[in-house]
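Here the chain labels run A, B, C and D in written order, and each chain numbers its own residues starting at 1.
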């Protein structure tokens, strides 16, 4: 008899190309269907996945990889290095870190059907880490024919070499997506460890169901109509705590809401003003108000999140209580006289709930002239790209929400973007940090990397690139007839059994 | 076997309002089986209220103050819902005064009659019921019963509706029929047939009939006993012969004195410039049907006539012959399919905008159904003054006019502050007359404008028309069934039959030397022993 | 009547054209575009731009409009910019749940609300009237999610009588379908019942003041007959209107109930599309809605002719 | 219905007392509506707590002397939020309902009485009905920012066709009434006929529709807020408070209960007053009512 795992992903799956959107749900869908060359273990260390063996030249410029045996796409074509090369090339166009690699890339070439090489012009320390990184665009391997026909609109067909096949004809955007076990998948022999190890598909079919209402999701789990809720907030725990047949657990990945500041426009073009904001931010206050349960949240001094190997506590932000004196002093120094501060608030995003409200409250206390602008998420995203002055519809403060894996390295952490006017919203820029990032890329060992990362944090927190507002865990809940999901930053279904 | 079917003892009915005066005051009345009891009297004297009390159907705003009503041995004032459900319709039925308001507008008339059978003869099969309905429709001389059966009330003429209501009252051949002015909208021929029906029923089923009427012709012809009401009280009663021949009470005497005699006016010299000139008007009503046949009625068939300035053209004719349709056409509420209509020298059918507004102000109509033509939500005063005010008369003057007209139609001035439903049928009719005249029109169209009035008030109203006509010089199209009235006010008479003009000529000529067969039939059917010799 | 139907259907074309244009403008006026949504929260400016280009959103409004119109002219509603599925198949997929839910709701509502309103009018100011009034106030003012959650809690979770959520096609499993649809239908019908029963009551009260009611009474028999046979048919025009409007609402937007019971209906599709700035889907949906409304209103107008023979157009 | 009871009916006293005696419900409704409106206007005086102030320590407190109506997820005082929320909610409800009723009635009257306008206007209405208020809200908010105006407009525009259809339906029957013909025959301007003779006949269903719109506007405001195109969620309105309480439906039902009660009371009073208004406009009903 066919076993079907009915689960609710964290959001609605609409976009299918994981290299075309930063939406987490599409990435997770990617992990169902596609495989990666490397993947991270529970300590965020890269482990080979599709790769069998690999070697690095002493000058750290030439990488040699051999694929393991038995890799097959869902259309039964074998995975060849041609596919890998095509996929990596596309990935290097799309992914931010990938783009940095592209800059120093000499070549990526297939040697034979099983072996390929990457040659660099200068060393890039975290290359393997980057190939393994689960966010924001993982280096998924796709068939060459599909990669080649993908225009700007993205790939037209979802065919991967992962443990599950995407059932395109059953895809009902906004309602459900279905996956069937790919019988041709050969898992690695190691036990599954976070994203690494053997991806053993134990249920025949996985259905992703969209639930627009959290309470209903919980009810459906309680009544046994679904098997698994991938992500739920601590707020809803009281509803399932006593429900018979329901279990839950904390998910491995943490989530970090952050505050972004618009560097281009008054009043926050002045670093003192940004520091004044930071002085008023207390992670404790934010977490207590938005999460509540102290078991569930953590204060984290690191800009890289507290799961990253790079985590550091130099010059932390938001770890102390709001410092009104300091903020006032800084504002005076900056010569603030009542310029309007516009806080953008997307009220249809549950993870943003309360952030604008609390920020507004503290900034008002410090004497800033604060206005909260509420909008829907799409408007918010558009509004956030506006570089106009506040008076002309611009903004001062906005928020973002990130899983730890996205923050974990100075290269992939978009919030540390230094491209200014052309960069990520907020348009932060700093020569020194740019240089430090190059140093980071060149650093050969984790120890070296850590040193650079700490320097970057010190400098970034001086200039206030962004302010983390605390870190919290989310929960996953499931029926007692399924085995607990593997603990990993990214929710995966392999290894889950259903009785 | 003289047995009373209805005994009303000391009935009093008062207003619900705090300062309730009694509209029916200590009335006692008996209706015998196999007898026709006529209730006559002043308009507004409480006839309708008394009769509706019998069925325990007082209009809202009134309440029973005291007295007893014994219907066939049942005490009605205390009857419970169950008894009422049984008695109403089966033992006692009623022909309400205003037939349009009495019919459900969205129910086919056949169903409305059939409903009675359904209620009280539940065992009757649907085929049989239909047969009975058709029979009833035939009995009351409705044309083309199968088509009428399927018609809705608004598709029938005033008299046809009235006959539907009568058919309903007759459906179960009840022991008591209360008929409140049942023949006001009927031509004399039909009226005679209806009265015959009543009489047949009476003899066949030993029923009693309480007939409320203003028509002394009818009284003379059918009444066994007569009650006269004035001001909420029965002022006199007795056998018909006694009352008619030797009335005792001064009111009765004055009433009988007011019964109009035939009095023909000398016709006006024909004018070269007629006010209204209609030529070959044709109008056919086609009723769309969702099911079955479409009903086609040729309501106007090549109708031609003139109205000269200052002239009163009477229109008489069979019920359903198109008189009201003609009136509505003149009002431009209906567009004739064919023919020309010249009014005030203009082609009336082509008027638009300002000209149309002027025309409307100049042509006023007293509608056949007075209640429905008054907005139930507006006090009478507003209805009376609205038109003049909207046409440039100052408010004070409009009120003045309204007061004066109310006086002249014998309504109290405080009528201005009451709502239409608080009046009697005749009172409402007078309000409508006042409303039309307040506009100072050039042409008045009066559709059965005096049918609900007792003869003395009728005489007053006719005098009012006469007087205002002299003062303001309007012309009139006067639709009536009452040939005596016609003889009194009309310069010429137009006789209609089945949508056609069968005859038109000076009143006297028509009455004394009718040419068309239909006219002769009509004249012969005039009830009562009132001879046709004109009063001196 | 054939003429009425014909002219109305003909009139639907300009209506849809105007609506289409209006919606096109509304969407373009609204901040945010599909590119931003596609690229996502963590996208860089450059990623957004490239998506925008790929979607042709960098072209001028006029060009986009002309393109879309010519597409429409050939009967092509286009594809969703997000999921890239054909708009029509997306809508068709959601139509069935919506129609099933609407049908059950309307049947439930009409069967209960009309009698409730009629009885309230009859029993004016009596206890039945008060009950209906209380019910109406609840129906008007209690948010549907509260009603929905409560019903689920009581009947689905505690009593385990019915499923909590979801939709099953009646063609696949009629009984299961009914079981799934009954709670959302009750939830929805409470609001509509409140409205329809109040309108019924108000209209019937109006009619009960008319004179022909007295005639009906004079016929004897059970008094209730007057209510059902005389008052109700005369009040039908306004009742039919509200019912028709209710159906219209049910078809386009019962987002909250659809969400609470996780029914994949048109309401959610609409909201999702608007939130995702999925231009072709929103445009397609609204075109479909406007056509459906023309149909519904045409039907109502035809029913008027049946229930009230006096009405002419 | 029975007339016997009317036999012994004492006439009720007049004056204010009489009014109370005769119309206990109307008086009660007036008093309650007054209280709700008053509490909204005087919110800052009645409740000292700042409706915006967050205190995470007091998350989801049960109603108590400290938090009369309990507290919400951010530890804000629900009592204060509900009182303050009345300001926005009553305005939104009232304005949306009035505007929709006004324009809808206008359109309905016109469509019901002029054949050509009917053809055009009602098709426009069909189209208008098809446009979701969320989309309107998104667009309007982007033009003028989230404000009372944008929200009221977004809520009331889709309601207009509904009112219009209802009124039109009534007009279609009423315009065949002889008293309308009588008014026409007196050369009374069309619009006055519509206002005086036709409109009063439409009041009964209109009043119901109004009270419905009133309530649904207040709830729609919340839905718009929920979708990000309403008032900022920090600003209290009954809708916002209810919407925010949604996730805590089982855990902290008081978050929904109290604003819900305020909303219900308002709807109830609007209903009672609407009923009464309708009665006043129909003398026949008042008469039969007095029976």
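Definition applied: contacts are C-beta pairs under 8 Å (C-beta built on N, C-alpha and C of every residue); 3 or more make two chains touch, one makes a residue touch a chain.
Only a predicted model underlies this, so the values are computations on that prediction, with no experimental measurement involved.
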Margin query: Can you identify the chain nearest the overall CA centroid, using each chain's own CA centroid?
Written below: C
Next item on the list: Just give me the whole-number Å value for how far the CA centre of subunit A lies from that of subunit D.
Entry: 46
Notebook entry, point to check: Counting in whole Å, what is the centre-to-centre distance of subunit A and subunit C, each centre being its mean C-alpha position?
Noted result: 39
Next item on the list: Could you put a whole-Å number on the gap between the CA centroids of subunit B and subunit D?
Entry: 46
Item checked: Residue list for subunit A, restricted to those that touch at least two other chains -> 215, 348, 375-377, 379-380
Notebook entry, point to check: On subunit C, where are the residues touching two or more other chains?
Noted result: 30-31, 145, 149, 153, 209-210, 223, 275, 308, 310
Note to self: Can you pull out the residues of subunit D that are in contact with at least two other chains?
What the structure shows: 138, 142, 176, 201, 227, 246, 249-250, 282, 284, 287-288
Notebook entry, point to check: Which of line, ring, star, complete and other names the graph you get from chains that touch?
Noted result: other
Notebook entry, point to check: Name the touching chain pairs, please: which are they?
Noted result: A-C, A-D, B-C, B-D, C-D
Margin query: Could you list, by residue number, the parts of subunit C that touch subunit A in their complex?
Written below: 30-33, 36-48, 50-51, 53-55, 80, 82-85, 90, 93, 145, 149, 152-153, 156-157, 160, 163-166, 258-262, 264, 268-269, 272, 275-277
Next item on the list: Could you please specify the touching residues of subunit A with respect to subunit C in the complex?
Entry: 12, 14-16, 20-23, 94, 96, 136, 151-154, 171-175, 209-213, 215-216, 219-220, 222-223, 225, 348, 375-383, 385, 400-402, 406, 414, 417, 422-425
Note to self: Considering only the defined contacts, which subunit D positions touch subunit A in the complex?
What the structure shows: 52-54, 56-57, 59, 73-75, 138, 141-142, 145-146, 225-234, 246-251
Checklist line | Complex interface listing, subunit D residues touching subunit B | finding: 2-4, 6-7, 9, 11-12, 14, 176-179, 181-189, 192, 196-197, 200-201, 281-284, 287-288, 290-291
Next item on the list: Flag every residue of subunit C that touches subunit B in the complex, lowest number first.
Entry: 1, 209-212, 214-223, 225, 229-230, 233-234, 236, 305-310
